[in-house]
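Labels run A, B, C and D following the written order; every chain starts at residue 1.
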Amino acid sequence: MIRVGIYGATGYTGIELAKIFARHPEVEIKFATSDSYVGKKLSEAFPCHFDIPLVAHDAAPLDRIDVAFLALPHGASADYGKRVLDAGASVIDLSADFRLHDAAAYKKWYGLDHHAPELLPQAVYGLPELHRDQIKKTKLLANPGCYPTSVILGLAPIWRANATNDTIIVDSKSGVSGAGRKATDIVHFVQVNENLSPYNIGRVHRHLSEMEQELKLVNPKASLIFSPHLLPVTRGILSTMYVRLTDGWDENRLRQLYAETYCNEPFVRILPSGQFATLTHSNYTNYCTISIHHVADVNQVIICASIDNLIKGASGQAVQNMNLMFGISETTGLL
Amino acid sequence: MIRVGIYGATGYTGIELAKIFARHPEVEIKFATSDSYVGKKLSEAFPCHFDIPLVAHDAAPLDRIDVAFLALPHGASADYGKRVLDAGASVIDLSADFRLHDAAAYKKWYGLDHHAPELLPQAVYGLPELHRDQIKKTKLLANPGCYPTSVILGLAPIWRANATNDTIIVDSKSGVSGAGRKATDIVHFVQVNENLSPYNIGRVHRHLSEMEQELKLVNPKASLIFSPHLLPVTRGILSTMYVRLTDGWDENRLRQLYAETYCNEPFVRILPSGQFATLTHSNYTNYCTISIHHVADVNQVIICASIDNLIKGASGQAVQNMNLMFGISETTGLL
Amino acid sequence: MIRVGIYGATGYTGIELAKIFARHPEVEIKFATSDSYVGKKLSEAFPCHFDIPLVAHDAAPLDRIDVAFLALPHGASADYGKRVLDAGASVIDLSADFRLHDAAAYKKWYGLDHHAPELLPQAVYGLPELHRDQIKKTKLLANPGCYPTSVILGLAPIWRANATNDTIIVDSKSGVSGAGRKATDIVHFVQVNENLSPYNIGRVHRHLSEMEQELKLVNPKASLIFSPHLLPVTRGILSTMYVRLTDGWDENRLRQLYAETYCNEPFVRILPSGQFATLTHSNYTNYCTISIHHVADVNQVIICASIDNLIKGASGQAVQNMNLMFGISETTGLL
Amino acid sequence: MIRVGIYGATGYTGIELAKIFARHPEVEIKFATSDSYVGKKLSEAFPCHFDIPLVAHDAAPLDRIDVAFLALPHGASADYGKRVLDAGASVIDLSADFRLHDAAAYKKWYGLDHHAPELLPQAVYGLPELHRDQIKKTKLLANPGCYPTSVILGLAPIWRANATNDTIIVDSKSGVSGAGRKATDIVHFVQVNENLSPYNIGRVHRHLSEMEQELKLVNPKASLIFSPHLLPVTRGILSTMYVRLTDGWDENRLRQLYAETYCNEPFVRILPSGQFATLTHSNYTNYCTISIHHVADVNQVIICASIDNLIKGASGQAVQNMNLMFGISETTGLL
């Protein structure tokens, strides 16, 4: 059994971890922490049936776990991550703290001095489809952001194949759970319901840093415009991506490229011609669903990629990474 | 032209007033106030096209208006109501401050000493279908609560006709705008969406005081169980009401009773047999839609009544009252 | 391994079965049938990742299964149920065909002559909390309706304890998946969204027959008014039930009654005082969540009970029943 | 008074016309037609309070009207349009039948031989912001499609100013009422709710023909990729448009361009810097709301434009056109 601890169990990703662990045959939860609900049970902090007791972050018994999942705000994650590593356990961090390899970039995008820059070299960006081998060996895993998971999986084959030289347009739409559990004007039901809101569009959203870091690994010319929109749904991200192709590409060759890239991936699904990736394809699963639409007369391709932002975009991918790090079957608990 | 001022223009009922006034041929807005948006325009406080400047409550030019609409929290309303009356203008209060005739009842239900108990005797409960004549003559109008509007209109004929002797079950369902614009956990999109939540059920919701006050006027034996539920919609209330009948009632006699009671009412609609009142019947209108369903073998009747909580349940009814108070056609601006 | 077949795999309950089986360690799907998608895969009939081939009902290889799940319309289920039993396998029927013990009652409520009345005596009504022992022994299981599951679990303790002598008011609200996958005006998005619609209220909905049959087993005086409403959500049922109590009951005694009744039930959860059962408590789980609210001054109690209509109200409960029928742990695949 | 007739009054655009006319002081409805509800009232065909009698299309008294609104399927509209013109009244057609100037293009995109090609030369494309003068003089008005209204208003200033030479990416999202009232799998609540679906993306949606026709009038090089998505909302369209700029443009110059283009338009609103156009800005109004977002480091601009698809995208714009055609104030009935 893998002995796990959850930091920040009462946020949406923390609760999702509890749900996944309830079905995971190899995991035992040793502790769950909270800021606001110390002394209560998870079922008192959220309408669910998990009577897991909640302790203060600082009361977590680090000697009893093999791995800690950090579902904490950025900044806080780096601190606790350090502490967990010092205690000898592994870290799977769902915040942004260890995603960017460069502390200066972190400061630029997140406005904070990094709390543990010395750990950055050992952190692995936990997208199994790109970095499976490093993931298996690391003790410090940076779980990718939700938008970047959909975008990087959707675009990596294109860039790898040098199929574009141009700025790519990424028009993304996300459910509200991506904005977190804190009550703000932005997530008021009346504000979101029957509405659709673009925000931080262009080249200003923090997740852009992560996308470009990863995509430049496969192709240094990678450049994006990224436009997130807030959808009136609880879960799910759909990214619609517009790529101007270099010469010589058609629908068949594109389909072959994606099929080859992902044929052995348990959680990436390429839809057959004529089908469109939707939120429903991926919600409540750990899949990234991708559809490919060549626009012949302007030689562009539209890639649609959907994920569940709380599963493949957060807690499911975190468990997929844990499975890899602990040498058990990658899909355990995730089907 | 009727010169109006709006106190608290940036809440949902304030914005709804602005929308109605934009189509009301006899109204001129002289000021609109706000706490948080002083110096801005209404269009900066809410995504709309009304560039009405917002002033502080205390900067409102009371000498320039004939009537003030108070869309303020209870407590605050009584204070400003007094001030407006002293300045010689009329008051239409959308809060609960002048609804209960009894300051002790107000204290019991709202937990506050009433700020202007001396004004209570002149306040009129502004349900035109029950109190039209007094409304025409008052300068201090207490606009009814949203739930009570649906319940009192749905039940008044029954009680007037002495058709029940028993506690009535009222199962009400409301959209989220009824909870106000303040960001709280309760109105977080993820909390409300794909959910339905009962709250304050039994005999504990504040609106019960108002319902029983008004219904006891028509029948002193009136007693209710009132169970509100929060619906995942922006607007609308549906109250489903279960009434054990005295002998001698059948569907036809009940239909005749309702038809006679409401035949001259411009904003109450009784649906024909076989139709069910839904939110859609009333949303974005000033109507209360009522359907009648006799359950013969247990001699009960189910009354369904729907309103738009922001219109007939608040701002529309307030304008209907203004029309009556200022002697113009009751339906002006409300069709 | 339990070898199963699914008849009617492309409806909502069929798809939900496929989802549950994907996580059930003791089940092997041997066939899945469809009317409209013969020759295709389940993933072509619904946006999901199950590439299960779909065969015609009549092409199902009955010799290869231990149990068939019938997710077929009533009428058709009886025919196929007979065929499956004749082939020696067990039947778990999700339609209404074997729920009523009396063919005449079936005819009255469903308007059909029963196709296999000779099988009715051996059919067991599959509510484990009431009939666990018979379920373990049967080969013909009638899986309960969705509304009845919430209502019977919510009221059985009350009736067993003779705590009421009166007609109970059941005000139920259901998500749209309960209406099935067929495109009709009633389930058009624009018709349902931002709306709430009562329908078949009083004593006319078919599920009333099932509720009263089961409740009369525990108390012959049981009588109900049942008012379903269509909610703008995909899943979930909340039933709010109003019970006039006999003397001597208070909140504590009621809580004790429910605690005793359900203390060993893996899928019934009684909420602590002050909490309200909501859809979110039960959605995407096999739980029935119950909250208890005594209204002291009129001596009534309000019981709120929620389930996921596709899980505890259909496919989850069907699997719970299968687990019992095949002697494996009751919760397998359902956590 | 303008005497109007409505063909196809029970579809969403027909009902919206009835709502607008109820507030329009210069209009008298002389007839309303329907296929399926002949002999009934509009309130029986849709949950509303308009007791307008419905007659068969062929029973419409053409001698009693000044103008007919055709809310009919394409194909049918051309037939009735001809008939109305022959009877001497004006035509405002909400279908696609008279939008394309070229019968061959119509055949290509709609798969039909045009039923009245001889009328095409006199038809005016009814976008007041582009063709106000011709609209004032015509008797045959082709009311624009919903998507094209948002896209053409959003892009016309850019093309007029020759600010781009490149294919523009239009990523549009629409509410479900745009798909019409017919019950199909696509508009089933469970299919749409909590989902987002791209469809007909690239260069295949019919509305592309209309957009390119109009935009080529201002700039013959206009070319688009157009990707519609179905949103889980009842109303509203948001188009997010990505434009690669020629040299010399910055945010200020772009803002000036849009301000100059639309400064006298009663129903186009340019948001100030830092605000984003959302559905809520335009829903339940006749406005098109536009926001401008320059992406300096790649010299592109993102234009967001929202409308209510049933008002500015259909019935509201139709009434705006009627107001122009009959010489009354353009905003009458639309505020």
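Here is the rule we use: a contact is a pair of C-beta atoms (placed from the backbone, for glycine too) under 8 Å apart; a residue touches a chain by one contact, two chains touch by 3 or more.
These figures come from a predicted structure and were not determined experimentally.
Asks: Which chain's centre, taken as the mean of its Cα atoms, is farthest from the centre of chain A?
Replies: Comparing chain centres, B lies farthest from chain A.
Asks: So, what's the distance in Å between the C-alpha centres of chain B and chain A?
Replies: 46
Asks: Distance-wise, how many Å sit between the C-alpha centres of chain B and chain C, to the nearest whole number?
Replies: So the centre of chain B lies 39 Å away from the centre of chain C.
Asks: Taking each chain's centre as the mean position of its Cα atoms, how many Å separate chain A from chain C?
Replies: Distance between chain centres, rounded to whole Å: 36 Å.
Asks: So which bits of chain A are touching at least two other chains?
Replies: 191, 194, 232-234, 278, 280
Asks: What pattern do the touching chains form: line, ring, star, complete or other?
Replies: Contact pattern: complete, every chain touching every other.
Asks: Which residues of chain B touch chain C in the complex?
Replies: Contacts found on chain B: 167, 169, 171, 173, 175, 191, 194-199, 201-203, 223, 225, 227, 229, 231-236, 238, 240, 242, 276-280, 283, 291, 293-295, 297-298, 300, 302, 304.
Asks: Could you please specify the touching residues of chain B with respect to chain D in the complex?
Replies: It is residues 22-23, 47-49, 194, 269, 278, 280-281, 284-285, 287, 289, 335 of chain B that touch chain D.
Asks: How about chain C: which of its residues touch chain D in the complex?
Replies: 12, 176-177, 181, 183-185, 187-194, 232-234
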